[in-house]
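Two complexes, one shared chain (chain A), two partners (chain B, chain C).
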Partner chain A sequence: MTAFKAVNWNTPENDYSALFWEQNLRQFWVDTEYIPSKDIDSWKGLSPEIQQAYKRALGGLTLLDTLQSHTGMPKILDHIDSLQNKAVLSFMCMMEAIHAKSYSTIFTTVTTTQEINELFDWVHANKYLQFKAATIDRYYRALDKKQVNDEELFLALGASVLLESFLFYSGFFMPLWLCGQGEMVASADIIKKIIADESIHGVFVGLLAQDVYKTLPHPQRAKDKLTALLQELYENELKYTEEVYTDIGLTAEVKEYVRYNANKALMNLGFEELFEVKEVNPIVLNGLNLETTQHDFFSKKSTNYEKSMEVAHLKDEDFIFDLDKDLLV
Partner chain B sequence: MVPLIYYDSKTGNVERFVHKIKALTGWEVLRITENIEIKKAGHLVTYTTRIGEVPDSTQAFLQRYADYVTTVSSSGNRNWGKNFAKAAETIAVNYHLPILLQFELSGTQPDVQKLIHLINKEI
Partner chain C sequence: MITKKWILLNNEIMIKKDDEFNLEKDKEAVRSYFLDYVNKNTVFFYTLKEKIDYLIENNYYINFYEQYSFEELQRVYDFVYSKKFRFQSFMSAFKFFQNYALRDDSGEKFLERYEDRVVAISLFLAQGNVEQALKYAEILINQEYQPATPTFLNAGKKRSGQLVSCFLDEIGDNINGIGYAIDSAMKLSSIGGGVSFNLSKIRARGEAIKGVEGRSSGVLPVMKILEDTFSYANQLGQRPGAGAVYLNVFHTDIEEFLDCKKINIDEKVRIKSLSIGVVIPDKFMDIAAADEICYLFYPHTVFQQYGIPLDEMDMDQMYDQLVGNPKVRKKKVNARHLMVKIAQTQKESGYPYLFFKGNANKEHALQNLGDVKFSNLCTEIMQLSHVSDIAIYGQQDTIRYGISCNLGSLNIATVMENNRVKEAVETAMRALTVVSDLTSIDMVPSVQKANKELHSVGLGAMNLHGYLAKNHIMYESKEALDFCNVFFMMVNFYSLKSSMDIAREKGQHFEGFQQSGYADGTYFEKYLRTDFHPQSDKVKLLFKDMVLPGKAAWEELAEQVKEHGLYHAYRMAIAPNQSTAYIMNATASVMPVVDTIEVREYGDSTTYYPMPYLDNDNYFFYKSAYDMDQKNVLRLVSVIQRHVDQGISTILHTNTKDNTRDLARYYIYAHKAGLKSLYYTRTRKASIEECVSCSV
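Right after this comes the complex of A and B.
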């Protein structure tokens, strides 16, 4: 009988598990700490076309985060040997569920149940979104067995990085672009927390992929397969972008942003960039750079998580007051 | 004098970046380790960690060898907004060093060309 192993954090299994565990904890957040209701006026001032693109962008993101939390992370962690790495992946899995829910937090705040239901119907019927999910899911489902070969594992990890670091960005563009102009900034706080999380997920899963890649008997074959997958998904992203953004005239900018992020996904996998990128939309970069203070006053947590570093321990003596000195006379 | 680069890397991004420079120029690149001993001046390339912070290993290196460091560059990710590649900014302030380049992840080809150009200008 195989002995079941317990995770021992006293001995590092590699030089990055603990680092990523800590980074995940440092970034931890929940949707209810944020107050998108501050955006209600902003929402009402947006044109119906922009509202529609915004809803569709976030609807598509919901689908990807759902796939990632329900299938991607669980399938992958089942085939990763290091118990500490599994722990990091399970934390990330939970965050994906929080991400998926947080878009609903925004929808519930700014729109109606009827509109939300119509949006989810649109997500379920949109062929480009469905293609995106089905294509990635196929690589995850290849891990639906007890033993997988290293190439299957590499491709599933690679597909996950493509989802995290590339496929999300046709959606993220919209809230960042609005935020860069001072619109929907409270909701953008949530979006930026998601982006920060997806960024470290891409790095971590990318490192796992690179580790497996080094052991492959035919690395070039695996790399070619992954590049072909990226191309296939890229073609689909272009069509998806046209469908969501043509009405508001942003298609060219979004496509450039998609290429820029495809390059970053490849870098997370240890490969060279594929696309020539001229300029990332400055309004989007401004959206990322905007320091925000839109948070629940009582939990006092913004885009930066702050931990109290200077703690003075209270002692009984602290409560003995020298009345002569302290009395304000 | 042939330029020399001291670099720090955790996820391999900076390592890949400086090796692209080495492949094009033949410049010497030296990874920062705990027991590194240096005697020559060089350019520092590091990464940004946690939330906009300088890596501990880079801090330790600077405490011993800041006098040998002529410029600083750092990798990062624009997804972090104002914290993008902030390690270079913090080091520049603390050690009065000029920043040559802040780039994303393992750097694009234009980033590689840019740093080579900027280092050449320093000579």
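Right after this comes the complex of A and C.
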């Protein structure tokens, strides 16, 4: 009988798991701390076409986050050896569930139950969206057994990175684009929190994938398979983009953005860029910048604050300052 | 929906070419904003007469003809338009047209340009005196002085909110008192004010009601009601309602109060949009320094024993007595841990504000009339207050002092460069006085009483960092201290002088003047001891064309004040002024900039704002506040504070790596340096790339 092992954080298992654990914790948030009700007026001022695209973009994101939290993370986690990495993945898994719910927090606030039901019907029936989910799911399901080979694991990790760093962004385009122009800003706070999470998820799973890649007996074969997967998803993504964005004339810009993020996903996996990208919409590109912004406390909640991880206590010497010297003019 | 060209251009500033930001894109954005949007959406009038008549007849403007002839109006318009005003950055223009310019009732067309707003404000403030109107017009179009948002937004409009921005009041410890506060909150918020309340007198959770122990639910439920009240009552949708509450650190609900900002706390006690502040008496800092056991007190038991509310006691004298009195219920805590908890809450939410009660009262010129017990939404208002007794229907209330304050800011760069410190202060003081005189908040009698009897105003300043950088002075340098020490002495001098002039003209001083430190001369002592003149050559040069008030001038002023009194109980307060600083193309308040190009998020926009005067030569002088030792910032504020009778909104800028101890050390330093308050703590996040790249 093999002994069950307890996770021992006292002994680092690698250079990065503790770091990602902390960063994840620091970024922790829940949907209800944000105030999407401030967007109700903004929502009512949007044209029906924009509203439609917004709902669909977020509906699509809900599906992907659901897949990620219900299947992706749990399956991968089963085949990762490092207990600390498992812990990080399970935290991320929990966040994915919060993400999937938080889109609903936005819908529930700004739209009616009937509209929401129609939207979910659309999600369930849309063939491009279902294709995305089914394709990624196949790679996750391949891990649904006791022993998997490294190539299967690598491909599942790779699929996860493609999902997190690439497939999400056709959906993120819409809220970022609106927010940069002063619409749906409070809801965008939630979206920016999700983007901040997805970006560390992509990097972390990407690192795990690179670790596995190094041990593969036939790396080129695995890389070819992953590239083929990317191509397949890319073709589908273009069609999905057309379906969501053509009515509002943004298809070309979203496609450019899709390519930009496909390259980012490849970089997270340690591969070369594949797509030529000319000019990404600067509003959306700036929206991706998750560094600290100056916000107005009275009109919006900030996305800048994080859990305080290190609680250090005061000592006697902290109360001593040589003020006379400092204040001499 | 088509992406607006000017927003695109403004965003393109951030796309680096050859490692430099595209600063010229900002100018293109302004141009496009005017050509493609503002001009197309501005109602065009053939003549000035047609414009004025239209605005008056359609209920947009008050009837200026009742106070001015058309020729007089034309003089003011001509003067202002002759100055050829141009917006210096996209942010300035955007902010003005987005939030301040008058629009038609459909909300689609502009009826005003910047010049027109300036004229309307000037005409309104001058109340029919065209020469005075020209004076107001001059400081406004020169961008030497900027009234706070309510005045800037509303003056001269027929249908508008109030001109005053800021209200404060106490809450009495009974249902009538709490009801009065909620009622006031709703009314004051609906007319556009930020409102702040002192919760410290309200009995704590678990205290007795009508003698039955354990029935009170403490301050949190009151906060929850106030929060909802503010979010409901906004100013015609023009500004979201905003409010703050303060609690004394010795109140036993303090820990719960700090926890209300936690994100995973129960919805009933979670506070999302209400601002919170902690009142810290010196005694608390002493206990923390000595690391002694700290007792918190149940305020109702204190009141029952002594007949004085806990937060009105001088804790230096009363603390030991309270600890020793077995009938006063108390709770034991560790003061240092409580400070760390405050720091932790700040790291996670930016709150609470800190109000150092001892410092606020040390040089308080009205100390014989009452204590300063708490502050406002932006922590710069520091005035005495007394809780009113609200009776039941049909019986007489006893109304005492709430607080009302209207604010405005000098633009340090323009007043220095135009050599008009004296004129600008004087005209600004008159503008603020008119607003106070014309304001009558009769729906909230405690606030009305304060305004009527004390005439308080708050003159502040902005663009300090911009001015220093333009003159190649580092914000953290000794020269900066030197400059502030002289500049704010001057502002103080001239504001006292105009307050005295106004009192002399009106034959009226604020209620209680005779008991103040202004009347007995104690306030002036420090100015009679030394000359506050520049020390360094660099700063001497900045003031070289100005007459600086010295000991003799101060002595003369003290005499005049003694004879004629002062019209205003409070004169100066340095507000954070955010939106209005953008319009002035200035750096906000006396705070350092956060970045060379600031990313500014509002509820309705995200804008990129290159710092004023920024170019390749002075880049270096725009050091980010996040990269500064905060002690240097506090030190500068402490020098300014010497010359400001009220307070200064002071923001701490910290980084992810700063821990709770680092923050708490700033509180200790700020307290020792004589600061009266600390406003938000902002935190710069470490970027994910930063953490990953340094370890993987």
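List of remarks:
Note that the second predicted complex is superposed on the first by the 289 of 329 C-alpha atoms of A that agree within 3 Å, B and C clash if a C-alpha of one lies under 4 Å from a C-alpha of the other, contacts with A are read in each partner's own complex, and residues count from 1 in each chain.
Please note the rule applied: a contact is a pair of C-beta atoms (placed from the backbone, for glycine too) under 8 Å apart; a residue touches a chain by one contact, two chains touch by 3 or more.
From a predicted model like this one, the values you see are computed outputs, not experimental measurements.
By the touch criterion stated above, A:195 is placed in contact with chain B alone, chain C being left untouched.
A count of residues in chain A touched by chain B and by chain C gives the higher number to C. By the touch criterion stated above, A:218 is placed in contact with neither chain B nor chain C.
Applying the stated contact rule after C-alpha superposition, one finds that A:145 touches neither chain B nor chain C. By the document's definition of touching, neither partner reaches A:239: not chain B, not chain C.
In the superposition on chain A, A:179 makes contact with chain C only, while chain B stays out of contact range. When the two complexes are overlaid on their common chain A, residue A:285 makes contact with chain B and with chain C alike.
In the superposition on chain A, contact of A:267 is made with chain B only, not with chain C. By the touch criterion defined above, A:23 reaches both chain B and chain C.
Once the two complexes are overlaid on the shared chain, A:124 sits clear of chain B and of chain C alike. Taken together, the two complexes place residues 15-16, 19, 23, 26, 196, 199, 203, 207, 285, 289-291, 304-305 of chain A in contact with chain B and also with chain C. On the side of chain A, the complex with chain C involves touching residues 15-16, 19, 23, 26, 29-30, 32-33, 35, 38, 41-42, 46-47, 50, 177, 179-183, 185-186, 196, 199-200, 203, 207, 248-249, 281-283, 285-287, 289-302, 304-308, 310-316, 318-319, 321, 323, 326-327, 329. Per the touch definition, chain A reaches chain B in the complex via residues 15-16, 19, 23, 26-27, 192, 195-196, 198-199, 203, 206-207, 210, 263-264, 267-268, 270, 272-273, 277, 280, 285, 288-291, 303-305.
Listing the residues of chain B that touch chain A in their complex gives 10-13, 16, 49-51, 77-82, 84, 104-106, 108-109. Interface residues of chain C facing chain A in the complex, by the touch rule stated above, are 1-4, 7-8, 11-12, 14-15, 194, 237, 239-240, 242, 263-264, 267, 272-273, 275, 288-289, 291, 336-337, 339-340, 343-344, 347-350, 478, 481-482, 485, 535, 578-579, 594, 598-606, 608, 626, 631, 635, 638-639, 656, 659-662, 664-665, 668-669, 672-673, 680, 682-685, 687-688, 691-692, 695-696.
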